[in-house]
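One structure is given here, and the rest of the page talks about it.
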């Protein structure tokens, strides 16, 4: 479904990504691991259209989205759960969710999707009228996920979903990710908790200094020397 | 350039100007240039006065007219109505300006929330109030205006124009000298830190309230003196003259156009805008004059959003190289008056600098990629242009591949006597109706590393904020090393030996990594000078192995490096206890191991540590004790192994994943 | 009785303050542009109403049919320029100050600096009133309040209840994340800028109904309007309505019970007090952090 | 880096000053010959808040200079007028006059418009010993410079003179007013008529009491006032016979509008210094309103002045209409302007020189001849304010008509219609 081919990204003169290739299939969770500063967030932003690719193609179901501005990328079924959750704290939980359904297609179906999201995260329903800023970190992560689901994505980009969350909450978040994948959505996961990422995903990519250094099933990756040294610290 | 040298050059320039003005007739300088120069100096005073608070510390003020008005009316009332001599009334103008500033500051700065636009509105209101007060009060002038007598002055001064020029020059020199001195002093560094991140500055030991008060009082005194001289120059004072919005608007225009972070910015801005305005008025353009002025303003702000001086300074030779030939050329052509020539030469120099800047951006003027997520994921290559390539291991991530030299030991801290270091007794903290901490008691002995864990929203960060003094407890007391810190300002708490890091790093964005750390040394318990603080900073950077990035700006650092910078800054304050608030969040295992090693080194130097962390693997390695909070209540406190088996802890926090 | 009359009249004129403040507040809050040129747009709105009414004898309220579209385009164009040139916050203050100067001088070129006034013959609203016993409610002020409630109330509903409104609020808080959900900030920003222009057209029209117009007025509006924007809470539309009414009524009562000369003194002291007690604005809901 | 910049600064200063020296010597040579024009300099508020009236003074002045040159100029030399725009900003007036005198080296100066600006210009004129004819400064006691010559005399003590003039005029009405409401703008040129100035507390308030009138409303408002509803309500509820609006510009218009909106029209209104046009624009609401004037182009008055008066008045109307002035009538402001120029011309002729000291002395000893105010003699003891020719004018049938004092009136004062 998602195919990234030969993508470069730059910040001014500085190049952050070098010829990145990757793909994600429907109902598949794929993780990207690598040291800080390897370009993982840049990669997610480039796919989401928030950063312009300097070269290469990014196709979603055959449509090249690499040149589209950020607000057009979601039209092709790509939704993002950004690092640090970034819910709209001054808006209610429900308004956050409805915002997720901003694009016309999602807007038309927003009632049904909203019900589905509440089924997945009952706690959001309880708090629908509360300001998102008053939620706990775990609840905010649920909301960020729910908000992305409201966009009826076929591809979900998850950037550091466990960041700053208590273990008991991280469990819930990863359960929810699994549930989402089960509905047929492709998930691209960036996660510093490498153990978690490798166990949640079926395939993975090792990104080092803006280049894909290794790729394969997570079970294989775990055993590779460079992964163990560079990201697992063993 | 040292401050002292700067001041002596400034004094020299002032002296030259004074001599030129004194002999203007014999030198053939048109008397009108003296008049114009007096106007320029007035605006230099006001723009500089504004800049000391609003530029350096970032507290945008719309109240400059208040100081001008108070100064002018001091002269109007004392000299115009009560025959008090000019010298006294001018000084009183400065004093009252300072007093007014002190009152404004005391109201605004006592309340931490009065920042940004709220502070701006507060200051906007002050001139309105004063204007109304003058109009109501017939003992002042009831709004009728006051005329002033011609001052007496010794004959050697020359005529009145010489007198007022010299007075303005004196105060302008004082103002610019003050701004120059402030910029190079601890006060200036502190104000800069306040501008970048006030909370972090306070936590590092910067006495923010005192510094802001100092800045606003200096600003008020200089503004008041300038206003008093305006009254003398004009010979008449009306409320419409002094309490007008055009004063703050033009002062802001001048300072921002010139550049707010450097003392010379307002000087350049004031000179340029005043000369331009004057030239436009003299051209008999009527409305077109203001239209051109407006257009120039729009163009230059768009072209140089961070101020003209910054652009000129990057290329001094280009600036002078364009200015001087154009000036000389125009003068020799005989077609232009001196003033036209000066103005056109200034415009030519500015335009040249801006155009060249556009074509070939100067080093150090890298603009951050606007409109994108903060570049925490910025690449490790490039983006650190100030760093000489040789010191960077080519093609390697800075941390992981570094050869592991024996890191220098953290300088040992004056050991506090063993025993209770941190004591938290019955502490409760409410936010509105929500109780974030409920009757928490906790004690930390020296040498411990205490892990603080709990679900999100359980009160961990609140406890860190209470310990660092960022907020007071609703009830209960906190003591550090036997000394009660409850009720102390955060910078005082810092001086008792508490340092902290922030969950989301809060570096001072306008300072290099080295200076970020040097700030902590300067404002820490020992209070070193900037020069020695910079040396010490390099040592602390070596402890966290960031020394190769000492000259980079924080924007160019990735998350891990920023968190290391937070730690370097914290230990630079030479604390006895260090509060680490999720300092490892977002790091991958390899980086975590690296950070853990740093923390161990810090601990080995005798610093006790309280660490908030979700990663139990880390706490198991590091902590001597674990404390668990749940919904504001302390539910467990003890050995890591014991605590992590506690059923209540498992239920509330750990879930199915055990340590 | 006099005080009641004054308070009511003051509150009604507060509708005008609210109209002037609303556009400024929403572009500041949502787009982070402090658009001083907004005062210029209000001025142009007032002159357009004057011009169309006196030259063609159109009913002053109907002049909105012309001035609102014109100022919509102007507001949208301004926002387009600010966005293109990446001008936000305090630099926008400077740039828009330059633009305000230009606007004021251009209106002076066209209409001269003379005081202009829509004569009674062409202005059916100018001097008539609704009488309730001894209380008179001037029509021009009722128009001000009516438009304020309509425009601000409508704007509030749009912000709260529609997808576009949510999009704008989201954009105000986090433009990057908002963009990733399909919010085209350029277009939305231009629409908001345009609507702020429309509010300026309405404010200008209302001002021209009951006052004489001169280019220099643009500066005189600063103090009160900024006070209303900040007291109401930046970006808070309903807040600016309430703050407008409150400031209007409060100053009128001070003027009657004490003396008009004390009004700015008391008003701005009260504003400082209000800021000290409620620094986030009087009408901002307490959002949990 | 800083050192280099500072060095550059110093270099700039040196070069600038050096260049200034060299160019100066070239331009200093051309001394004034008898054929060179006489240059008069002034600022006017051509933009900003005072621009509406500033334009009237510009048109009147240019008209005067044109006529003067057509008649051969002064002392056989052409007259040139340099006008700079002070943008209605008092702070700019002083430096601009300094510029005119020291850089442009004008021979003579003319005052700017509006009292605060005139005070600022007077300080400069006094420093340089220039003669300052000025058209519109009314704050007589503050105009202490001996070579300042007022062209619009409202007497040395206007705070006594104006109330008495007004009350004398309305006392001739069939039912003279008994209750007065006083609204006062807290600005330099209006408030002193209500409250007096300095130690002299005489003003509308005290004079009204002396004459047994009842002051039912006394309100002072800041010049920035924009909401008149409160004052309007108070006036309405106090039911005065006469509303005295000691105000400037359009304040009276706004106040009357606000009253009208409350369903109230005061029986009789006096407006101290109104902008002439807008009050007429109120239509019937302003019929019968009173104000002060030194000249109105009423036929009777123009005939009485005689000479060129009609031609001047007509020519002004053509020019002002062309410049789209809202109220293109040669009334008090334009007449004051004309007076000021005639004072300057008279002084130069009498002194037979453009030496400012000589002109000043000549004006003191010989006075000046004016078209609209006759011969003026300047008394230094009262700041050169000559016996006032100020009268009361009234809106009758939509036009300003001089109605008081009787010997200079074009028509008798009319009683309120209601």
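Here the chain labels run A, B, C and D in written order, and each chain numbers its own residues starting at 1.
To be clear about the criterion, a contact is a pair of C-beta atoms (placed from the backbone, for glycine too) under 8 Å apart; a residue touches a chain by one contact, two chains touch by 3 or more.
Everything numeric in this text was worked out from a predicted model, so none of it was measured.
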Review point. A-C or C-D: which has the larger count of contacting C-beta pairs?
Key: C-D
Practice item. Just give me the whole-number Å value for how far the CA centre of chain A lies from that of chain C. Key: 42
Point to revise | Where chain A and chain B are represented by their mean Cα positions, the distance between them in whole Å | key: 38
Review point. If you average the Cα atoms of chain A and of chain D to get two centres, how far apart are those centres in Å?
Key: 74
**Study point:** Residue numbers of chain B (touch at least two other chains)
**Key:** 131-132, 135-136, 246, 287, 290, 372-373
Revision key, fill the gap. Listed in rising order, chain C residues that touch 2 or more other chains are 105, 108, 176, 223, 261, 263-264, 288-289
Practice item. Please set out, as single numbers or ranges, the residues of chain A touching at least two other chains. Key: 50, 82
Study note, to complete from the structure: Chains touch one another in the pairs A-B, A-C, B-C, B-D, C-D
Study note, to complete from the structure: Seen from chain B, its contact residues with chain C in the complex are 60, 107, 111, 113-114, 117-118, 121-122, 124-126, 128-129, 131-133, 135-136, 245-246, 249, 252-253, 256-257, 287-288, 290-291, 293-298, 301-302, 305, 370-373, 431-432, 434
Exercise for review: Would you mind writing out the residues of chain C in touch with chain D in their complex?
Suggested key: 1-2, 5-6, 9-10, 12-13, 105, 108, 112-117, 119-121, 126-129, 131, 136, 138-141, 210-212, 214-216, 220, 223-224, 248, 251-253, 255-256, 259-261, 263-264
**Study point:** chain B - residues contacting chain D, complex
**Key:** 1, 5-6, 9-10, 12-13, 16-17, 20, 27-36, 38-39, 131-132, 135-136, 138, 142-145, 147-148, 150, 159-161, 230, 233-236, 238, 240-241, 244, 246, 264, 278, 281-282, 284-287, 289-290, 312-313, 316, 319-320, 323-324, 327-328, 331, 334, 337-338, 341-342
Review point. Any idea which chain B residues touch chain A in the complex?
Key: 366, 369, 372-373, 375-383, 395, 397, 399-400, 453-457, 503, 558-561, 582, 585-594, 614, 616, 652-657
Review point. Where on chain D does chain C make contact in their complex?
Key: 47-52, 54-55, 88, 186, 219-222, 224-227, 229-234, 237, 249-250, 253-254, 257-258, 260-264, 275, 277-278, 281-285, 323-327
